[in-house]
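Note that the chains take the letters A, B and C in the order they are written out, and that residue 1 is the start of every chain.
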Amino acid sequence: MTTSPPRTPPRPARRRASQGRTALYFLAPALLALVVLRLLPAAMALVSSARHHSLVDGTTTFVGLGNYTDLLSDSQFWQSVRVTLLFSLVINPLQVLIALGLAVLLGRRFAGVRFWRSLVFAPIAVPPAVSAVIWGILYRPEGPLNAILGALGIPPQPFLTSSEQALFALIVLMSWVGVGYWMMFLIAGLQDIPQECYDAAAVDGASAWQRFFHVTLPLLRRPLAFVLVADTVANFLVFAPVQLLTRGGPDGSTNLMMYDVFRRAYSVGDINFAQAEVVVLVAITLAVVVVQFRMMQGKGEE
Amino acid sequence: MKTTNAPVPSTPRRLSALRHMPLVTAVVMGVLFALPLLWVLAGSLRPGDKVLAGLDRVSWHSLIPTDATLHNYVTLFRGDFGRAVLNSIGVAVATVLLGLVLSAMAAFALSVFRFRGRGLVFAVILLSFMIPFDAIAIPLSDIFRDWGLQNTYAGLILPGIGNGLAIFLLRQFFLAIPRELVEAARMDGLSWWGVFTKIYVPLSRPALIGAGLTLFTFQWQSYMWPLLVGTEPDKQLGPIALGTLQGQMVVDYGQVFAAAVVLTVIPLLVLLRLQRYFTQSIAGSGLK
Amino acid sequence: MTSSPSRRTVLGAALGVASAAALAGCSGGRPADGRTAVRFLGPETPETFRAVIRGFERANPGIRIDYTPVPPDQLGDVLQLRLSAKDSAIDVYAVDQPRVPALTARGFLTDLNRIADRTKAAVTPEQYAVSSWDGTLRSLPIWTSTQYLFYNADLLAKAGVALPDAAPADRWSWERTRAAGRRAMDRAGADYALLLEQTDLYYGLQPLIESLHGGSGITGKDMLTPAVTTQGWIDALDWYRTLFADGSSPRGIPSYQLSSLFTSGRVPFFVGGPWNLGAFAGLKDFTWGTAPQPKFAHGRAVTPTDSWSWGVNPYAEHPEAGLRFMEYAALTTEGSLSTVEASPLIPSNRKAFDRYAADLADKATKSTAGVATIMRYELAHTAVSRPRSIGYTQFETVMGSAFSDIRNGSAVEPRLAKASGELVRTWERLR
């Protein structure tokens, strides 16, 4: 398959151009797929966010930024922005830290570790409709979780039926689903750390904590960067548990932006308006991810 | 990993206690995560009308059904569920294979070559996975309808193969492969395709499994999309078949739980098998 | 060229990808057995329609019905998106009856006026009305519905409470039902007093509100003006809020899981639809009975009604064959009866309805003694349809959140006022 002719090292000036062309061949299939399957429909959504469709007379009109100004004057929208930011602020550090802890624990070798890893990973494979049923029952005010809390001497909690607790109850559910998944990427990263690095640290007499902070963490920075960014994006876009368990309530306390989009696009049927909200959501996600990249760059990440 | 084992102990007694700490903690974590799933498994073995009754009170009976029966599974597979699961597997496998080739090639280009516009391409890839698929599913289904991809397996598979997340993941891992290795291989006359297939791919198995996982879960859980591109009964996918079990008026949770067990166990078995590739890769190759 | 081999292989890989996709696309044709395939979309399990499809195909050898079930929660969304894209791969689809106006306004329902006379003759007048909009028949009614009060006789006897009577004239009040349920909690160890199957759903709450003369919630010439802050709305929802606040009904359990609390014998009263008759038939652990749905002591008797119609997609590939199938299911006695074989809903077809009611009376057990009488009475005297408005979908969504918040303890008046404002904004955007 690879019958490459012998060659002399190319001259630096030509090298860059030739590399550019080779890079294009490698990139073309994926770029084509991304442009057609993601960017093109996204552009269509952007166009549609500047339109309005009347259900009374069935006409579609161009309204420019009209949907956006409507959105910005909608108190429900602002509430969902606040809920989404609070949610992100709590769930992302929580999930990344737990996933990291689990990865360090289950990245070791001992009897049956593959099996235990699989169990921790398992929840991501459970269809959301079923995990919603399970957690809906767990969280019943008279349900099993409160029975366990009661046995520990803790008074019963309202969980999903209270506007103070519902969001945090969803965060626990989503972390149960997600941390095993993110853990797998970090375990993959741990496998790439050369043994010699640990050996050298051991020779220097470093303690386990020192080795973790001075060897493991720096060498895990790229997989960690991936997990942080991917998890952040995933959490901006998640909505199935909200749709299945709380529908944004009680009192809008779990009205995440992506659920709000889903509700407007599908249940209310105001697609143009929903697309405007998607554009805002993507802009917020983008801003947060750019900040994350900046922060990582500050720590030597490319 | 060998050297991340317990720290140098001060006394021999502490040694034995600490040696088993990881195992004990791992077991506790594994059980904690799996407990709700054991519930589902137990529920799926109960008669349909007893499933919830067994679930909403804590007792040993909620985990170990005394009246176990395979009835739910029999009924489930007598219907269309078996075919739906096979469809899901087919769609997921095709997506993973195609998606991995595309993503790995793109990640290779991004991590090895220096060319003008590399930053732009990377930005496009990042942007592509920040766009919520459920939001662009609406215009995308219009495009697919124009192209006659309705009711086709291609219509189900294609949206899964353009996965910016998988590219991003592989790029992060490819960046860790030492440049000297590439230089040396090029000096030996290996083509770029050779560098890709003979060096990058074999050295990145854990990352490839991770990317495969990403591609897989996208398809395994896809729900709104198959409904939008309109699938005929014989191309129905697993999650949709599960959704339709929750009928309009009466829900048979016995069957719902049995379907959930089937849909959960399949990826778990695959993952269990694949983990033997989760060994040290670059370090194991003896490079620095 | 230094990179020529790699270019060839890369292009080859890309081509391979493209051709694999194209091949997959080719396999998408329908099996050609010479029959016209009518594609039918609905929210029920395939078993529900097996009988009617078999019956129709036997009578029409040239037509095949391909039924695709869509998960009930997504049916509305899927139809909305696929129909607005002029999708020809849907011939016949199930229509939630209060959505007939909106679907008509969007041009998603074929005009069926040419069979209006035959339809009028075959189905009940109420069902004809809800299947039409603006004087035009837009769909054919298949089922209607009502609600009953199911009770656990053993629990009530243990609590020393008299059993509710099956005669509509002796209908219990909501107040009395709740008090009796509380007694069963205190004296017979029941977990809760009363369960409403349609928790948080307008279908289940409209009868409470209209029992207190609160109105449907929608007014105006074009039925796009909210009226959800009337005294009747406030009082009915205050009662609803208290029901959950004092633990008479469980807060955190979704509606479709409630029947399992009743069947496990832990609650004395359960208000639910006719499909429960089939699900409860096998109950052996306790004695149960059926009574009319309660009303408020100072209110009028109101019960919910309506169910599903079927319509023809204007862009359908096979509209004629599709219509033939609908006529069989809606206008023939035999076809209509076969739609209720696997799902005990109430047929909209008059003759089928009579046979169905007679059958219910014949097969009645001690538990279902009054069911046929109650059903006939409610549908004739107390049934109130949901409001007919092109904004019904939005109304149902917005009010659903409000009901759910009130169930979880939000103060009634401000929450209804908020919902009213939301409706004004949402409907304004429809124009």
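Structure notes:
The definition used in the following text is that a contact is a pair of C-beta atoms (placed from the backbone, for glycine too) under 8 Å apart; a residue touches a chain by one contact, two chains touch by 3 or more.
Given the structure is predicted, the values throughout are model-derived calculations rather than measurements.
When C-beta pairs in contact are tallied for every pair of chains, the largest tally goes to A-B.
Using the average of C-alpha coordinates as each chain's centre, C ends up farthest from subunit B.
With centres taken as mean Cα positions, subunit C sits 36 Å from subunit B. Computed centre separation for the pair subunit A/subunit B is 15 angstrom, with centres defined by C-alpha atoms. Residue positions 1-2, 4-5, 7, 22, 26, 29, 133, 137, 140, 143 of subunit A each touch two or more of the other chains. Counting partner chains per residue, subunit C has residues 3, 5-6, 9-10, 13, 17, 77, 81, 257 touching two or more of them. In subunit B, the residues touching two or more other chains are 52, 101-102, 105, 138, 142, 158, 161, 191-194, 196, 243, 246, 253.
Taken in their complex, subunit C has these residues touching subunit B: 3, 5-6, 9-10, 13, 17, 20-22, 24-25, 27-28, 30, 39, 43-48, 66-74, 77-78, 81-82, 85, 87, 89-90, 256-257, 259-260, 263-264, 273, 275-276, 278-279, 282, 343, 345.
Residue ranges of subunit A in contact with subunit B, taken from their complex: 1-2, 4-7, 9, 16, 19-20, 22-24, 26-27, 29-31, 33-42, 44-45, 48, 102, 104-111, 113-131, 133-135, 137-138, 140, 143-144, 147-148, 176, 180-181, 184-185, 187-196, 198-199, 202, 207-208, 211, 216, 222-223, 225-226, 229-230, 233, 236-237, 239-240, 258, 261-262, 265, 271, 274-275, 278, 281-282, 285-286, 289, 302.
Against subunit C, the residues of subunit A that register as touching in their complex are 1-5, 7, 10, 18, 21-22, 25-26, 28-29, 52, 54-56, 58, 70, 74, 76, 133, 136-137, 139-143, 158-163, 247-251, 263, 266-270, 273.
Residue ranges on subunit B touching subunit A, taken from their complex, read 1-7, 22-23, 25-27, 29-31, 33-34, 36-37, 39-40, 52, 55-58, 62, 101-103, 105-106, 108-110, 112-118, 121, 124-140, 142-143, 158-159, 161-162, 164-165, 167-169, 172-173, 175-176, 187, 189-194, 196-198, 206-207, 209-210, 213, 217, 220-221, 223, 238-239, 242-243, 246, 253, 256-257, 259-260, 263-264, 266-268, 271-272, 275-276, 278-283, 287-288.
The touching residues of subunit C, counted against subunit A in their complex, run 2-3, 5-7, 9-11, 13-14, 17, 76-77, 80-81, 102, 105-107, 191, 222, 250-254, 257, 390-391, 393-394, 397, 400-401, 404-405, 408-410, 422, 425-426, 429-431.
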